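We call the chains A, B and C, going by the order they appear; numbering starts again at 1 in every chain.
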Amino acid sequence: MLASIYTVLAAGMKYWFLLLAALMVWLLISSSTKEYRERKAVLGEIGEYIGYLEILRGLPEAKGARIGITRDNTIGSGRNADIVIRHPSVQKSHAMIYLKGKKLILSPLTKGVTRINGRRADNAYAVRSGDVITLGAVEVKVYIRPELERAVC
Amino acid sequence: MLKLTKQSAKAILFLQQLFILSAFGLLTIRNGQPDLMAAAMGGAVCLFNLLQYNILRTAFRHLDRFVLLAAQFLWSVGLIVMYRIRPEYAFRQGIFLIVSTFAAVIMMLIIRRSKDFGKWNWVFMALAVMLLGSTLVLSRAIGGAKNWIDIGPFSFQPSEFAKILFIMGSAYFLSTRDKLTSFIPYIAFTGICVLLLVAARELGTGLLLCGTFLVLFFAATGRTLLTMLGVGVFGAGAFASYHLFSHVQTRVNIWRDPWSSYNAEGYQIVQGLMALASGGLFGVGLGKGMPGVIPASHTDYIFSVIGEEFGILFAAIVIIFYLVFIVRGMLIALNAENIYDALLAFGCTCMLSLQGFIIIGGVIKLIPLTGITLPFISYGGSSLLSSMIQLGIIEGVALKNGKREEKELRMMGADVR
Amino acid sequence: MKNQQKFRRNMRFSMGFFIVLFVVLIAYMGYSVLKNGAAWYATPYNPRIANARENLHGGTIYDRNGIALAWSDGTTRKYHNVKEIRRACSHVVGDIHGKTVGAETVFAKYLYGLDTNVVTMMEQLLNGEETDGKGQNVTLTIDAKLSEYIYRNMKGRRGSVVVLNYKTGEILASVSILTFDPNTVADDELEDTTLLDRATMGRYAPGSIMKIITASAAVEHDLDLTYTCTGSDVIGGQSVTCTKVHGEQDLNTAFANSCNTYFARLSTELGGSVLKKQAEKFGFNQTFEYSDVTLYRSKFEVSSEQGDVAWAGIGQYNDLVTPMHAALIAATVANDGIMPEPTLLRAVDGTAPFRLKKDSRVLSPDAAARMRDMMAEVVQYGTGTSAAVKGEVVYGKTGTAEYTENGEIKNHSWFVGFMGEEHPYAVAVLFEGAGYGSAHAAPMAAEVFEYLLD
C-alpha cells in the first residue's frame, strides 16, 4: 500500500519540486536585482554628495547625525528644504549652502541667526571643512570631501 | 537621510526548507518500510542550512546572502540525490559539508583582513606545483586517471587544492605586474601546472586551469591579441594531445559516437543520455530512475541522475542557479576596491562556473567528457572542500566590499540597515 | 584609476561570455533531449526497458484492424497463433530479448506504462489497482492480413516488401525475409541475417530505380536530352550496356525503357555534383530522424571520373538504398513531391498520439507530376508491364541492380511504384539476387496492388 502511495506521490511531486525550484530561483534573481539596483541608486547619490553637516549641538536626539550636502541645498525647518533641521529657532528657509566654482558658499536667507565659527554672517561666505555653522540654536560642523577640499582651498 | 535596506531572504529560505523536507519525506516512504533515517537526514539538512545561514548572517554583516543561498540549494539537491543513491554518501557528504563550512569561514576571515600575500605567493605557486607533481608520483589510479592520494584513512585529491593556489597566484601576478616580461614566471607556472595535469590524465582540471587562465589574463590585461594567441596555443596543445595520446582520442571518439563503443568506453555517456531521455521534461520521479547503471552516478555524473529523476526543466533551473552564482560573484568582483581582490573573487567565480560548464557539457555531449566534479553537488570531500573554500574567498571579498561601502555610506550620512 | 576602469570593462565582458556559455548549455540540453530523447531511450541497450519487461505486465500490440499481435500473460509475452502472421510481422513487432528494435522496444514506454500521467495514476490508486506502470495498448499502422499475404507470396525468397500510405506516411506492411518467430527467437539457432530487418537496415544497390532521381534532376534542370541508343556506349572511359537497342530516345521513353546508355549520358550532362545534390534532397547521405523507425543511411557518391558519375546515375557505383527508403522515394513522387514521414504508431489506448510531422518537400509539384507521367509509362509499355493491374493505373519503376557475390555477378530485383489517389499506396519490392526487376519484383508488386484494391 505504501508502495503505491509512494508511486503516485513520486509522479505527482515532480511538478511540486519544479515549482519550488522555479520560485526559489525567481525570488533569488528578483531580490538580488532589487538590492543591486537600490544599492546602485544610493551609492550613486552618495557619489553626488560634496560633503556633510554633522549636528553638534541643539538637537540632542540627533547629536552626531550626519546629513549629506549636494551641490545646491536649502537649509531650514520647512518641509521643502533640502536639509531639514527641525528647531523652533531655525527658520523655514534659513540659509543656502551651495557649490560655486570650487568654493562652498553659505548664504543666509533670513534675518535669523547665522554664524560661522561664532562670527555673525549676514551675507554669503565661503566655508571650509571643519567650520562650525550656527543656525538659530543649532550648531553643525561642515565636512567637505577630501578630494573637493583640496580643490576648494 | 538615505537608507539602504536589505531584501529579506526569509521566503527563499522557507521554500528551500520546504523543498528539502518534502524530498526527504518522499524518500522516507520509498521502500516498503518507512525509512526514518531519511526523515532525520532531511531535518538535519534543513537545520544545518538554517543555522549556517543565520549564524553567518549575524556574524558577518556584509555577507553576500545570494551566493550563499545559491550554494545551499545546490548542495541540498546533491544531498537529496546522494541519499537516494545510497544513504552513506549523504551522511559522509554531510560531514564534509560541516567541515568545509569551517574552512570557508576561516577563508573569509583571512581574506577580509588582508592585502595581497606578497612574497607568500611564490610559496603558493611552488606548493601548487608540488601538489600536482605528487599525484604523478604517489597516487593510486582510479579508472585510468591518477588523482587520488591516500594519507592514512583519508583519500584526497591534491589537484582540487592546487586550483585554489593557482587562483591566488594568478590574482597576485596579474594585479601587481604590468609589463609583459614580468608575466613570464606566471605563464611558465601555468604551463607547468597544465602539463602536470595532462600527464596525470586529469584532462578536466587541465582544461579548467587553461580556461580560467585565459579569462583572468584577458580581464586583467585587456590584451585581446595575446589572449587570442593563448587560445591558439591552447588549441594547438589540444590538437597535439589528440594525436599524441590515445586516451584523448578515445575521449573524442566517444563524444562523437558513444553508441559504437557502447559496451566499453562509450557506456557511461550512453547511459547518461538514456537517463536524460528517460527523464524527459519533468523527470520520472524521485527514486524511480535507474542511477545504478550509470557509472560515477554520485560523483561526476550526478547531473544525469538529476535529469532522470527531476527532469530537464528542473536541471535547467539547476544550471540557472549556477548562473546566479556567476553573476553575483562577478558583481562582487566588480565592486572590489583593488584589482587583487577583484581577481580573487573573479577567479574563484570563473573557476567554479567553468567547472560546472565542463562537466554538464560533457554529460549532455556538448563537449567531450572529462572527469571533473559538479561543484557543490557532486559527492567528494576534496571537491566540496575546494568549492567551499572558493565560496569563502568570494564571500571574503564581499565582506571587504561591504565594510568599505558601509564606511562610505555612514560618512555621507546614509543609514545602512 | 583608468586601469581599473578598463579592468571592470573586461570583467563585464567576461561575465557576458559566461552568461552566453550557460545559455547555450541550457538550450543545447533542451534541444538534444527533446529531439533525440525518444531515439536514445528506445534502444535494446536500455536497462530500464529490460527491467520493465521482467517486472511489469506489458500492454497489447494491435494491428490497425484490431488484430492482437503481441500481449502479456503475466510477465510472459504471447504472440498471434498463426505462424505466418507471426513471421510476417516479426521485424515490425520485434522481440523482447533485446535482439531487434521493433515496436516492442520503440514503444516500450507506452507498453509498460512508463509514461503514465499522475491523474491516471491517482485514479488507479483510488480504485485499488496496481499503480506501478500499467501498460497501455498500442495500435500499429500495419495491416497484419496484408503482411501475411505478402509473406506467403514472397514464397521464402529473401528480400523485403514495404507498403506505405503515401498521403499519411503510415506503414501498412514491412515484411523482410528472413524472418524469425518471436516465440522461439531466444532459443533458436538462427541463420546469420535472420535478425536483420532488410526493410530498414538492408542496403542494396538500387540499380535502375535510381533513374527516378536522375530523371527528376533532369526535369528540374530543364534538361531534355535526345539520344540514340545503340545498345552500348563508352562514357567517361567506361563501357555501359543496355539490354536492348532502344534507338532514338527522349527522357520519357528512355525512362520507360530503362535505357542505361541514355541515363549514363544524362548523368554526365548533369554532372556529379548536381546529381549528388538531388540525391541528397531525396534523403541520401542523410541521417533519418524519424520517431518510429530507425532507417539506415542511404549512400550516393560521385567521383571526379565521369565514368563513375555515369554509373552512379543509373544506380550502381557505390549507391546504396534501403527498401523503406525506396518506398519513400516512390511516395514522394506520388505525394506531389513531398516525402512523408513513415509512421508506425496509430494510437495509444485508442487515442492518436500528438505528432509534429516531419514531412519534407523534395520536388516541386510540377516536377512530381512529370515524374508521375513517366512512371505511368513504365507500367503501360515499358519495363514494368508485369506490374500492371486491370482497371487501375499503376505507376512504377523497375530496377535490376548488379552486384558480385563470391566472384559471381548477380542481380537484385527491384520495383517501386504506387497507385492513384483513390488508393494512395506506395510499394517497394526487393528480391535479393533474384534477377530482373520486371521478372520478379514487378509481378509481386502487382499482387500487392491487387490485394489492396479489394
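Methods note: contacts are C-beta pairs under 8 Å (C-beta built on N, C-alpha and C of every residue); 3 or more make two chains touch, one makes a residue touch a chain.
As the structure is a prediction and not an experimental result, all values here were calculated from the model.
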Considering only mean CA positions as chain centres, point out the chain farthest from chain C.
A
Would you mind checking which chain's mean C-alpha position lies nearest the centre of all protein C-alpha atoms?
B
If I rank A-C and A-B by number of C-beta contact pairs, which comes first?
A-B
Per the C-alpha means, the centres of chain B and chain C lie apart by a whole-Å value of 47
How many Å are there between the centre of chain A and the centre of chain C, using C-alpha atoms for each centre?
75
Quick one: report the Å distance separating chain A from chain B, using the average Cα coordinate of each chain.
40
Numbers and ranges of chain A residues touching at least 2 other chains:
3, 5, 7, 11, 15
Residues of chain B touching 2+ other chains?
284, 320, 327
What does chain B use to touch chain C in their complex?
215, 218-220, 222, 259, 262, 270, 273-274, 276-278, 280-281, 284, 290, 293, 307, 312, 315-316, 319-320, 322-323, 326-327, 330, 333-334, 338-339, 342, 346, 350, 353, 357, 360-361, 364-366
So in the complex, the part of chain C that touches chain A is made up of which residues?
116-118, 121-122, 125, 130-132
Interface with chain A, chain B side, in the complex: residues 1-9, 11-12, 15-16, 18-19, 22-23, 26, 29-30, 32-34, 66, 69-70, 73, 282-288, 310-311, 313-314, 317-318, 320-321, 324, 327-328, 331, 405, 408-414
Applying the document's contact rule, which stretches of chain C touch chain B when the two form their complex?
3-4, 6-15, 17-19, 21-22, 24-26, 28-30, 32-34, 36-41, 43, 45-48, 51, 114
Where on chain A is chain B touching in the complex?
2-3, 5-7, 9-11, 13-18, 20-25, 27-29, 31-32, 34-36, 38-39, 42-43, 45-46, 49, 52, 65-68
